[in-house]
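Structure below; questions to follow.
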Amino acid sequence: MHNIVFAVIARDLRLALRRPADIASAVFFFVIVVSLFPLGIGPEVDLLRKLAPGVLWVAALLATMLSLPRLFADDHRDGTLEQLALAPHPLGLVVTGKVIAHWLISGLPLALIAPVLGIQFDLTADALLVLTGAILLGTPALSGIGAIGAALTLGLRGGGVLLSLLVLPLYIPVLIFGAGAVDATVSGLGGEGHLSLLAAMTIAAIGFAPWASAAALKIALE
Amino acid sequence: MTDRFNLYHYASPATFYPLAGRLIPWFAALAAIFGLIGLYIGMLVAPTDFQQGEGYRIIFIHVPASWMSMFIYLVMAFWAAIGLAFNTRLSGMMARALAPTGALMAFLSLWTGALWGKPMWGTWWVWDARLTSELILLFLYIGYMALVAAIDDPRRGDKAGGLLLLVGVVNVPIIYFSVKWWNTLHQGSSVNLAKSSMAEVMLWAMLLVALSFWMYSIAVAFARVRTLILERERNADWVKAELAGDRP
Amino acid sequence: MLEADNLECVRGERRLFAGLGFKLEAGELLYLQGRNGAGKTSLLRMLIGLLPPETGEIRWRGEPIRALGDEFRAELCYLGHLNAIKEELTPLENLLAAARLAATDLSEDAALDALEQVGLAGREDLACKYLSQGQKRRVALARLVVDRRALWILDEPFVALDVAAVDWLAGIISAHLQRGGLAVMTTHQPVDIPAGTVRQLRLGA
Amino acid sequence: MHNIVFAVIARDLRLALRRPADIASAVFFFVIVVSLFPLGIGPEVDLLRKLAPGVLWVAALLATMLSLPRLFADDHRDGTLEQLALAPHPLGLVVTGKVIAHWLISGLPLALIAPVLGIQFDLTADALLVLTGAILLGTPALSGIGAIGAALTLGLRGGGVLLSLLVLPLYIPVLIFGAGAVDATVSGLGGEGHLSLLAAMTIAAIGFAPWASAAALKIALE
Amino acid sequence: MLEADNLECVRGERRLFAGLGFKLEAGELLYLQGRNGAGKTSLLRMLIGLLPPETGEIRWRGEPIRALGDEFRAELCYLGHLNAIKEELTPLENLLAAARLAATDLSEDAALDALEQVGLAGREDLACKYLSQGQKRRVALARLVVDRRALWILDEPFVALDVAAVDWLAGIISAHLQRGGLAVMTTHQPVDIPAGTVRQLRLGA
């Protein structure tokens, strides 16, 4: 039963490794967007420290979102998705595998690089720790929710922009609690409450999103 | 006519490979010698600056690294132009071989600059024209490497990468003249051919380190070009012979 | 084994066919004919359960396929207009991944053997994006060599193949029928399937 | 000679109108990103007013960038690009047409909606005017530079992220002068200098970018 | 008129062919044959100037095509594996847009007439994404009906067409040859071109 989940993860990771530029570029995108803000806003250190959580989270959101359109599109275009839908196991499991692979490729590297960027914004060690934790906890939810959006917009031309339109509003809670956790730590209130909410969202998203996405995929395939 | 012939002769990977192999030790040795002398003068002989204290000595890395980062980009753009115009095989490989060194130099320039900025300007980083354009240079290097790595067909990769190099070349004069065109925090140019406002020892130290970086870049670029040649021509007879160890 | 009853297909505002029915037993091939746009592909997609018919029902071993779900799909092998191969992976990797995802067993040796049979010896390790149109189709067809599922649904399998490959594929389909398999196929090229019973069904006026 | 430019523009606009969700979504994306920041950063009005130019410009950049991957990809996938390359006129003219159409679809709507968003950030009438002018002047350069990136990464899987890696650094000057113009107006220095630099960049980009893109497209088609 | 001289094609590390040459005069058809992956598509892409040959030269009316540039392309009509139609546009819009972009004149009446000839009457105003595989191919082929350029390069034009459409297309190609046109074509299906001189060229061992 769970073989299929691992088979999908293995295949997606292999495909990603076949073009390592992909993984690297998502991280670079994150880095670049984070560095853009100071550019537009100016160099005051105090101001920057205040912005840091918001900017980092928005950048993580955008980096995740940018990789979403291809989550199912490649498989759709070359006919693999059809074959996956015809395989003798629930499509939801296949999607679970794809969501996990997506997180490993896009979410995890962001969490690993985030503290380095945080240093440049002059965040304290505590805040950095919470930032990393929050991104680790929150990005799986981003991948899960994103999968629903990607499935719903599959095959629609202009899907990329439509997708962000659907997905961004749903990302807002993650953004608020994610940035909130860091903010709370910086101001000495402790971010645990925010973090546990993030964890709850992630568990809900991972459990529920694949099945919603699977239903959407079946509609797209008709 | 013979000139032209010679050029093509050395532009052939089969002749360039052994030539580069013979030259590498020389460049490496020169890099070490110039570097040691330059750093010796810079760190021990040059006087302490009355304004900046010992911290200013970072200049002996910072300035040569900044120069090299721009110069290497120009050289890559030159090779790109040759490659696109004459479709020579070696040019693309030269550009590829230079890119990591260029990125390293740009990174060094930014890093030492930032280190220096903290004591001097009270901040690691400001978004002024020179600093920004140097950062763009680093991103151009990285973008170039990512682009050529993403294209499997090496010839196509060379062409696409070459085009990117040529497009990005506008950035180099911007870096160089930014201090003139905009009023920035960063210091203006103090070394020029006619007269130098710097103390002579300092100037010497800096030039020696710059020479050392130069030799180093050539040596590593040649080493990389050799592996690229082997990889690309692995089916050519001369490479097979080379790998089998038949060649003296 | 496979029965269709009173099927109706409506795309947009056009009724492509209605009241269509057939019965197919073990060892039989249904050869679907009709001009371009007659609704052949649409019918095939109904048979595999991806397109719900307007009216009517499709049954496999007596049960409606919607009710069977995974049980039906475990016996089904579909080959569509699209090749369902990944351009970045090599033919070998593609074949192995497809087998794993379809939950069928396939050893590496068997896969290599299948690739040799479809004439891709020497190209097992070249990424599929470098293959020619016909070679890509052959990678997709290699799945059939090792496939032992009962029902094959093939949408224009002969497209892009050269003459030798067409003959070879016809042989593979024959062997499938002789093993007691069923197949539904469309093609515009006249092809001779040497064994098994061939039933014809012509769509459209 | 210039017929071809108009023919391309007409076709691309017709295609865009066939799926109006596209144009709308780019604008919505812009609006959503701009509204995300206050969420991540907090509600202080003074702070927000300071951020406004930077945030608006970064959002405009990202909105433009998001629509770039499809600039040539659709034509490439369905074989139209080949036909365009085989038409008996310079490919650079074709690309000029596509860049203009891209700007009409993605840049122009942003400029029209930007002042409305600016009001929410409490900008003065002067600043709003300069903001609109800056976006009007700057976005054609974004389309032009973007075309080069889109052409270079055409057909590469994972091109979307690689594309942003190539293009974002080149967008930085536009961002700096665009946001700088508004900043200068807000602080009473006058934004004319920045605006004329923007105009110069746009002219250079529109004149030069199509030909560089055309060269890149030919490489991609080999 | 069309001459190729000592062409060599290398893809990756594989030499597909070398020393290939031919001459084609007005009214002649070059029928390119070869198994899957022999390099037919690659050769066609060289002839249209999109793929630079490793060595050798291609001449049109005695001049190298690289030197001719737009002049050569003004006389060239290429139909590849891909249909080059926009899924959102209707067949009519597709045909008109293609003509405008190729800088050829085409009135709406002529376009409608062409669509009727390819059997798409009644579907002129349906977005192409709703068409069947074969109908999409027919939209692409409609360009040929009105095309009067001298050199046609056709890569497997018969794919996905039903029997009636295959005959029709063979007739269209014949008419082109009789008008003094040239054509280079590949196909794996045996097709009979009634008029004009047919020369054969077989690639690969």
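All chains are identified by letter, namely A, B, C, D and E, in their written order; residue positions are counted from 1 within each chain.
Following the convention adopted for this analysis, a contact is a pair of C-beta atoms (placed from the backbone, for glycine too) under 8 Å apart; a residue touches a chain by one contact, two chains touch by 3 or more.
These numbers come from a predicted model, not from an experiment.
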What is the touch distance from chain C to chain D, in steps?
2
Which of the two pairs, A-C or A-B, is linked by more C-beta contacts?
A-C
Please report how many Å separate the Cα centroid of chain A from that of chain B, as a whole number.
37
Distance in whole angstrom between the CA centres of chain B and chain D is 32
Between chain B and chain E, tell me the centre distance in angstrom, where each centre is the average of that chain's C-alpha atoms.
49
Chain centre separation in whole Å, for chain E relative to chain A (CA means):
46
Would you mind listing the residues of chain B that make contact with two or more other chains?
127, 132, 135, 139, 142, 146, 150
What are the residues of chain D that contact at least two other chains?
19, 74, 157-158, 162, 165, 168-169, 172, 176, 222
Which parts of chain E, given as residue numbers and ranges, touch two or more other chains?
12, 81, 87-88
Chain C partner, complex, touching residues on chain A are 3-4, 7-8, 11, 14-15, 18-19, 74, 77-80, 82-90, 94, 218, 221-222
Chain C-facing residues of chain E, complex:
11-12, 34-41, 81, 119, 126, 130-135, 137-138, 156, 159-166, 188-189
Listed in rising order, the residues of chain A that touch chain D in the complex are 19, 21-22, 25-26, 28-29, 32-33, 36-37, 39-42, 47, 50-51, 53-55, 57-58, 61-62, 66-67, 69-70, 74, 156-158, 160-162, 164-165, 168-169, 172, 175-176, 179, 183
Which residues of chain A touch chain B in their complex?
19-21, 24-25, 28, 32, 35, 38-39, 42-43, 45, 120
Give every residue of chain E touching chain D within the complex, in rising order.
48-52, 70-71, 73-74, 76, 78, 80-89, 93, 97-98, 100-103, 127
